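The structure appears right after this line, and notes come after that.
In this document, chain identifiers A, B, C and D correspond to the written order of the chains, with residue numbering beginning at 1 in each.
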């Protein structure tokens, strides 16, 4: 299975689970490190019908290689920032209801901690539920240069994180390869729903 | 795929997602503009088993053309009002839990704003999450002439909207074609669930 | 399709939707009126794997006809009470989360009204959303004779109802035939979820 | 169907329902009592793609028999404690959102009662909804010897229970065989969601 085939299959599955409705969400995977070659979803691709036709190959500056039609995702610079700063092999951006509302609820503190959950052990390198995971939240912007710079800055200041939220815009996570990145989506979406519902049981919590 | 085939497929998918349970919901698509010809769901069609047999062809006055058995949807006049006033190519009415309860909660203000969500960019012509989308709510009625007139008035007064709610009765949205209208359903249902759950996290919000 | 085949198909679908988990829920359909012959689920049937083998034929007193193995559902007397008092052609008992918790929340008032929802028009004979549907709640009991008598009394005192709840035990609904009864399940489950979530948005509501 | 085939099928189904996302959850079934032989999921198995290749056979001390590659689940000692103390034929550990948040909410009281629900009758030996089921909650730990000892102590002190929670870590349940254990998962997950949502309707409840 090529990276594009794997990404397309993941995308259709994430769509079915309500994590990338409409044309929301975008996905990338490193094809080659030096020089960098990245497979990334084309702009405006409908995630429920994703096929390899909806992927482009780009270089480290986001330029499209070869003769692929279409433009790469508007959020290409964020993917490149994550690949570069976190040394990721794959980057997945989902846009679920829970990531959307928690990114809004906690914006005043710039993020929030998820702590004490066994499921945290599904994140790369986490060995105990006593782990304290910081989930930074970036203010949303349509200026992709600014948002990519903010992404790099956030990753440099928080090298231990496994994902971040953009306000009212969902989740970015990644992994050393696509399998790990996909597991991180599942783990973080579970944790976001859990802390969201936990809060609803006891608002002062 | 004919408009009726496309509508039938959409309808079964919406049913599976809980948006048109029982015989709720109704769908139409423009077949021809001049003179107007519209494919529309028959009255009382079970949306989980929708086939092209459940569609009728009507003219600009809602009269059935040809020898189709059955009556067109009771809400035909609303579809015609939207096609005429919003210059829509397709009109989709869904009836989800979230659209139902939000249409009730906000009735006192005649509607509500959805603002600051990235997903708003899935609506035709919206270029930034900073967009402020007004969702008007119409009081429900069984007088279809009155409700159609109210629909036209609402669309004339709010030319920038992409959908409206009827109190305790769900969502109407549309698009220049069926693909766009279907995307609008998905986007608006996502946004309604998000603002509904966001409110539940913080009732004073 | 025989009544048992239709009931088995419905049961598997209801299971998939979370309405009859484990061995909860039970279903029946009138095969013949005079003398009464009813197809009904066997006791302890797993609803996710329901086949025609899990149905028995019983008479008006609940006696098993023919050589079917197994015992009829423990709630057979309730089905017979509904068939007799409401002149139903089919009786469906589901056990969803929302019916369970609402049956508990409103027990102090013996029931609650659902009013003003367009979806009410999916109930037999209801022509307008202005309809006011009373949902009686019976206290749960393991004494099936007592519960069947209470069922008959409730139906006689409330001839216009389309369903009732048993406390922390779910929903009974019915119809003149199986298609109508199945639609009533879908409509009532939608309405219960809607009023439950509506309440959560505004607890004083 | 061998125990491993049955467990693999159950695991994929539980994954689909959101009860064992990522590599969470683990399952075992007794193959032979004397001397004890247990089939158990391998450590780190992805539950959505579970096949018989992901199961190992172990003895009463948790040693792997034969030449199976991989290590048994990190929670093997807990499975062995349940098999031994509760005389279980199968042990299933799921990790749903509702079990996770309730295990946190009620930790201060060491557990909580579920009482008065008809669905309780789906638990082995329970004949009436008037049953009062105690759900103990164990503090989570990465010390498996300590957690296994705590499991044995909890089962000895509460011989009538059908399951327990580990804080922010999900549900353990079991049965005399795999079919009963699987039914207990379904019943308990339903009850946990019901009491969780019931609480949200009326926080003082």
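Here is the rule we use: a contact is a pair of C-beta atoms (placed from the backbone, for glycine too) under 8 Å apart; a residue touches a chain by one contact, two chains touch by 3 or more.
Note that the coordinates shown come from a computational prediction; the quantities given were computed from them, not determined experimentally.
Between the contact lists of subunit A and subunit B, the overlap is empty. In summary, the pair subunit A and subunit D forms a contact in which the copies contribute largely different residue numbers, shared numbers making up under half of all those used. In this assembly, the chain whose C-alpha centre lies farthest from subunit D is B.
Summary of the copy comparison: rotating subunit C onto subunit D for the best CA superposition needs 90 degrees, to the nearest 5.
Centre-to-centre separation between subunit B and subunit C, using Cα means, comes to 32 Å. With centres defined as mean CA coordinates, subunit C is found 45 Å away from subunit A.
Counting partner chains per residue, subunit A shows two or more touched chains at residues 200. Remark: the chains found to touch one another pair up as A-B, A-D, B-C, C-D. For subunit D in complex with subunit A, the touching residues are 18, 21-24, 46, 95, 97-98, 100-101, 104-105, 140, 142, 166-170, 196, 199-200, 203. Chain contact summary for the complex, subunit B toward subunit A: residues 116-119, 122, 127-130, 183, 186-187, 190, 193-194, 197-198, 200-202.
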